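There are two complexes below, and they share chain A, which is joined by chain B in the first and by chain C in the second.
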Partner chain A sequence: MKKLTLRQVKQELKYEAFLIPALVGLALFFIWPIASSIYYSLTDWNGLNPESHFVGLKNYIKLFQDSDLMDSVKHTLLYAILMTLIQNIFAVPLAVALDANLRTKNVLRLIFFAPAVLSPLVVGFLWSYLMSPNTGLFWSLGLHINFLGNPQIVMYSLIFVSVWQYTGWAAVIYLANLQGISQDYYEAAKIDGAGRWKQFLHVTLPLLAPSITINVINSMVGSLKIFDIVMAMTQGGPGSSSETITTILIKRSFTEYRYGYGSAIAVMFLAITAVISLVLLKYLHHREEKVV
Partner chain B sequence: MTSVIKKKDKSFSLFNFVLELLMIVLAVFVALPIYYLFVTTFKTPQEALEHPLRLPTHFGFQQFVDAWNAMDYLNVLKNNLIITISSVFLVVMVSAMASFPLARRRHKLNKTLFFLILSGIMIPYQIAIIPLFRLMKTLHLIDSQFGVIIIYTFVFMPLATFIFHGFIRTIPTEIEEAARIDGCGVGQTFWKITFPLLRPATATVVILISLNTWNDFVFPLLFLQSRDKGTILLEVYRNVGQFSTDWTHMFPMLVLGILPIFIFYLVMQKQIIKGIASGSIKG
Partner chain C sequence: MKKVFLSAITVVIGSAMLLSGCGDAKNDDAKVSNDSKASNGKQQELKLMIWDKEEQIKGALDLFKEKHPEIKLDISFTDNKQYDNILNTKLASGSGPDVFEVGAQIRNLAAANFTLDLSDEPFISKYQESGLSSFSYKGKYYGVPWMSWVEGIFYNKTAFEKAGITQVPTTWDEFLQDHAKLKQSGIKPQTMGAKSWEPMMKQSLDLVNAGFFSAPANKDWNAKFSDKEANMSGTFDKYLEKWSEIVKQGYLTPDMLGMDPDQALDEFATGKAAMWESGNWSVNTIKQKNPDLDFGFFPIPAIEGKPWLMGGPGAAWAINKNSKAIDAAKTFLEFWSTPEAQLAAQKTYGGGIFLKDVTAPLDPAMDGAKEALAEGRIFAPWNEWFGAQAIILEYGKGMQNYLAGGGSLSDVLKNADKKRNEMFETAPK
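Moving on, here comes the complex of A and B:
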């Protein structure tokens, strides 16, 4: 009996050995950095000097006095919420249209998905040119709006570009979900006298629940991390009207050499992301279960 | 009966016709910025301002040659390939291996570990940048491509493990059991039986992680200081910052910046779209 358990343990260990590289990586590149971020956030470390002093919660108190940072939290949330809503509201009908039996459907799919494979940095540079006053494409076509120079609209311009870039990505995920829906449901709905709109509302939309969960979480988590496109298009400007949490985090830490303070921003960022992800996951799973 | 079907078909095709027109118009608007980028590189500043959307009247390649040289293009392209291919290879190995016990031995410990790995998908990697910087300094991996490759491997490991895990769970265990009866050890079973069956999931992971590493510029920006070790996007970032007002220099660089991935997309679009869709839905 004892011998058998020993053999079983040995075999379990052989399985667990496959986890070693992943766990070493997880410990070194996730758990340790997060733990040490929490530690640094309680110090005044400047990143250069090996010495640092324990300052308690001082950095956290400073967070709330840093008006640029507080604005950047607002910008990031505005961006993430609007981006998630608009992207998904456009992507569902786009996917339904791409699923229809159109002659050009392959070319259409190719075009709508194309922006998503391009680097956000290059996309950002391109659009900042298109949107620039006097020489930009929109200006020369008669649309005299200073998209990136006006603090009131700069965030919306960034959202517009991101919607342009990533709606196709979300649509492709909806499309795969749509193709998995059995035609029988539609036949049954037709027999019940449901028109195109009712079919969409009562058959398509509820059965898209799994991909709605994936897409909403994808765009929310992805949007909170927004960085490249801001660096390419505005560098956080004009003034600080398009700073986001990540751009402030990088500036405070690497440009101003305030690693302790930057770590406090990182911990706050982690808390915001964790809360939003958990709430979303819970809500969407609950919704999904109600549907199925 | 036949007349009913015919009638329906007719209304259907009218609806489809209108839908198709609408979609084509929309597609033109979506494609416009990319079209504009490509045609403008061939125009003189004068021509670009007066006829922004017209096809260029002549095709000059001097501006591309200049951009190519300024970026040291062949070198950065080579660097990009090294970084992306190595990262993708390591991500596939580490994640496929990790997902095997997680999917096949579902006891409490492994369920906890799976949850821990999954939370890595949600956590924004930017928050780890400062300690990572220190860690890489201690390991003497600053300004080293290997350092960037290792970081990518573990930044993308959670997502890849999630995809592999979901896929292994759909494979029946009987094949593995048969192999065990034939005398295969745990390791042999995985490498000879399970891993080859993971091909569709591997394709998804390869596509997703290739796009993500190829298009990232944050880690090279922070961890690669020497210019000769940098990537395409790093060159774009440095040069465009310098020439931001002189777009006759900027546009060819942007084109060179997206050209490899654009060609890759045109050639592989079916597999790319399929890979992304299936990878997201399966889990």
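Moving on, here comes the complex of A and C:
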């Protein structure tokens, strides 16, 4: 018995030895930076001086007094929640439509997926021209809305552009899932007298659960990290009406030489992202299991 | 057991090879640079780091290579957006360039003891004080200036004629009246790319230039401001209040918050707007967009008295205190401080020269700046603040809020003071 365990251990070790290179990479590029961020978040390091002082939780207390940062948390959550909802609400029917037996389906799939291939910077510059007052496309069509210059609207303009860019991408994941759903279910549903809508509701939607998990988590985490589209379209403005956690993080660390404080923002951001992802993941997995 | 051992060894060797692969590449690099040194005799390498493109000062750099064959320039360009980040990291890790371009961050770098004190160098005395003061910290000079930037108002001469305006405005009231006349004649009086936080910040601070900083008694205000002994709030209010008439009368409008500076340039160059605030760097672009446009330039009008230009030295060279090539670095700065080097650089970089007794003409389109420049009526106050970038950003964003109808001007000043307090905390004591 004892001998067997030893052999088992050896066997395990053999496989686990192959993990070492990946583990080294993970430690070097993920664990180490996070650990040092946590360390720096407890100091007043300014990014330049070799020496820094331990300041305890002072940086973390300041987070809550930083009104721009608190606003940026609201903007980021608004963006992430709406983006995740709208993107997925549009992507599912789009995938169903693209799954239909159309002659142009390959061309259509390409068209809807294409924006996701572009860099967010390119997309951002493009849309900011279209959305600009006086000279922009919408303005000249008579739609006199200051999409990027009105603090009440600007976040929704950013959400619109992101939805435009990434809905096709999410639809492709749904599409792959759809193609794995056996036709037998639909036939059985038909025999039971289910119409198209009922088929969608009781067959398609429940069986899409795995891809819903992937898409929701993906767009939630990706949206919380929103940075490039803001930089390209508004730089956080007008005023600070479209600042997000990441843009404030960059400003505080690099423009203001407050790396210690910036690290505290980063740690807080990590915590927010981790909590939201874990809760979502738990809920969605639970839902998946119910289907199976 | 053998198998386990073997596979473990394989993995170890495999990862070792990966790592040593990197090591080899490094060694090769080192060899190459050693070889090149050897083949060039005793050439010493001087590492420069800049955010302006090399072509913009190419004339001067070529001249240096010609005059100092014993020094080999190794120039690395880093985009302005990443510049501070990369420079700071390099300096902090001890692998910084020997000579580098700096702006308002010079005081942070000097405070952190990264830049060489140049106060006693002979070439420093060749410059006007107005070119040096932006790169000083606690009474010592740390930078040798490049050319100045000059900002004011570009105007469409044809549109002015059509509106019956015969003279460019010098006071804010005249400026507003001209806006009214232009509007009546059917043209948008002024355009602004207020999506950037810069133009409103500069336009309003220029009224402070003419009204406040023009008085010799206020010369040391900036140092006091950095030391938390003076505040914007309570000092700048009346100038901003006067400036805000341009918003209240509807000439700067919230829709401009959605416009990029490039789009504003477009509107001006294509004759859709009669005035646009910008500077010497835009002249060529305007001409390229519309070669037929008949346009001129005037300093931003003042509340009373003579109008001032916004501007000053935008960049300077600083020497890394921990450089191993300090002598070569000084040779380079000494060369930079000669009229021929400055004139060669100015050809492509543009702007005014700060060397004493050297006058270099600006583009004829900027003739309107001549008188103010000759009388030294040009200033950018933040050049003398500690943590300037963060403070003007806060100020400019506050102005955007104001234009959007979301905040008061006194809030703008209070928040800028608050940001200064935060910057003061990060300054070494």
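The criterion applied here is as follows: the second predicted complex is superposed on the first by the 275 of 292 C-alpha atoms of A that agree within 3 Å, B and C clash if a C-alpha of one lies under 4 Å from a C-alpha of the other, contacts with A are read in each partner's own complex, and residues count from 1 in each chain.
By definition in this document, contacts are C-beta pairs under 8 Å (C-beta built on N, C-alpha and C of every residue); 3 or more make two chains touch, one makes a residue touch a chain.
This structure is a prediction, so every number in the text was calculated from the model and none was measured.
Asker: Counting only touches as set out at the top, which of chain B and chain C does A:Pro93 meet: first, second, both, neither?
Answerer: neither
Asker: Of chain B and chain C, which one contacts the greater number of residues in chain A?
Answerer: Looking at chain B versus chain C, the one contacting more residues of chain A is B.
Asker: Using the touch definition from the top, say if A:Gly195 reaches chain B (first), chain C (second), both or neither.
Answerer: neither
Asker: Between chain B (first) and chain C (second), which does A:Thr135 come into contact with in this model arrangement: first, second, both, or neither?
Answerer: Both partners, chain B and chain C.
Asker: Quick check on the superposed pair: does A:Tyr257 touch chain B, chain C, both, or neither? Answer first, second, both or neither.
Answerer: The second partner, chain C, only.
Asker: Under the stated touch criterion, which partner chain does A:Pro151 make contact with: chain B (first), chain C (second), both, or neither?
Answerer: Only chain C is touched by A:Pro151; chain B is not.
Asker: Report for A:Ala114: first if it touches chain B alone, second if chain C alone, otherwise both or neither.
Answerer: first
Asker: With both complexes overlaid on chain A, does A:Asn46 touch chain B (first), chain C (second), both or neither?
Answerer: A:Asn46: touches chain C, not chain B.
Asker: Who does A:Pro21 touch here: chain B (first), chain C (second), both, or neither?
Answerer: Both partners, chain B and chain C.
Asker: Touching chain B in one complex and chain C in the other: list those residues of chain A.
Answerer: Touching chain B and chain C on chain A: residues 14, 18, 21, 47, 129, 135, 254.
Asker: Quick one: in the complex, what on chain B touches chain A?
Answerer: 15-16, 19-20, 22-24, 27, 30-31, 33-34, 36-37, 49, 52, 93-95, 97-98, 100-102, 104-105, 110, 113, 116-117, 120-132, 134-135, 151, 153-155, 157-158, 161, 185-187, 190, 211, 214-215, 217-218, 222, 233, 236-237, 240, 247, 250-251, 254, 257-258, 261-262, 264-266, 269, 272-273, 276-278, 280-281, 283
Asker: Help me check something: in the complex, which residues belonging to chain C touch chain A?
Answerer: Going by the criterion above, the answer is residues 1, 3-4, 7-8, 11-12, 14-15, 18, 84-85, 88, 91-92, 108-109, 112-114, 194-197, 254-260, 263, 266-267, 272, 387, 389-390, 393, 397-398, 400-401, 403-404, 406-407, 422-423, 426, 428.
Asker: For the complex, give me every residue of chain A touching chain C.
Answerer: For this pair, the touching residues of chain A are 10, 13-14, 17-18, 20-21, 24, 44, 46-50, 128-129, 131-136, 146-151, 234-241, 251, 254-258.
Asker: Which of the residues in chain A come into contact with chain B in the complex?
Answerer: Chain A residues touching chain B: 11-12, 14-16, 18-19, 21-23, 25-26, 28-30, 32-34, 36-37, 40, 47, 97-98, 100-104, 107-115, 117-122, 125-127, 129-130, 135, 137, 140-141, 164, 168-169, 172-173, 175-177, 180, 196, 210-211, 214, 218, 221, 224-225, 227-228, 231-232, 246, 249-250, 253-254, 259, 262-263, 266-267, 269-270, 273-274, 277.
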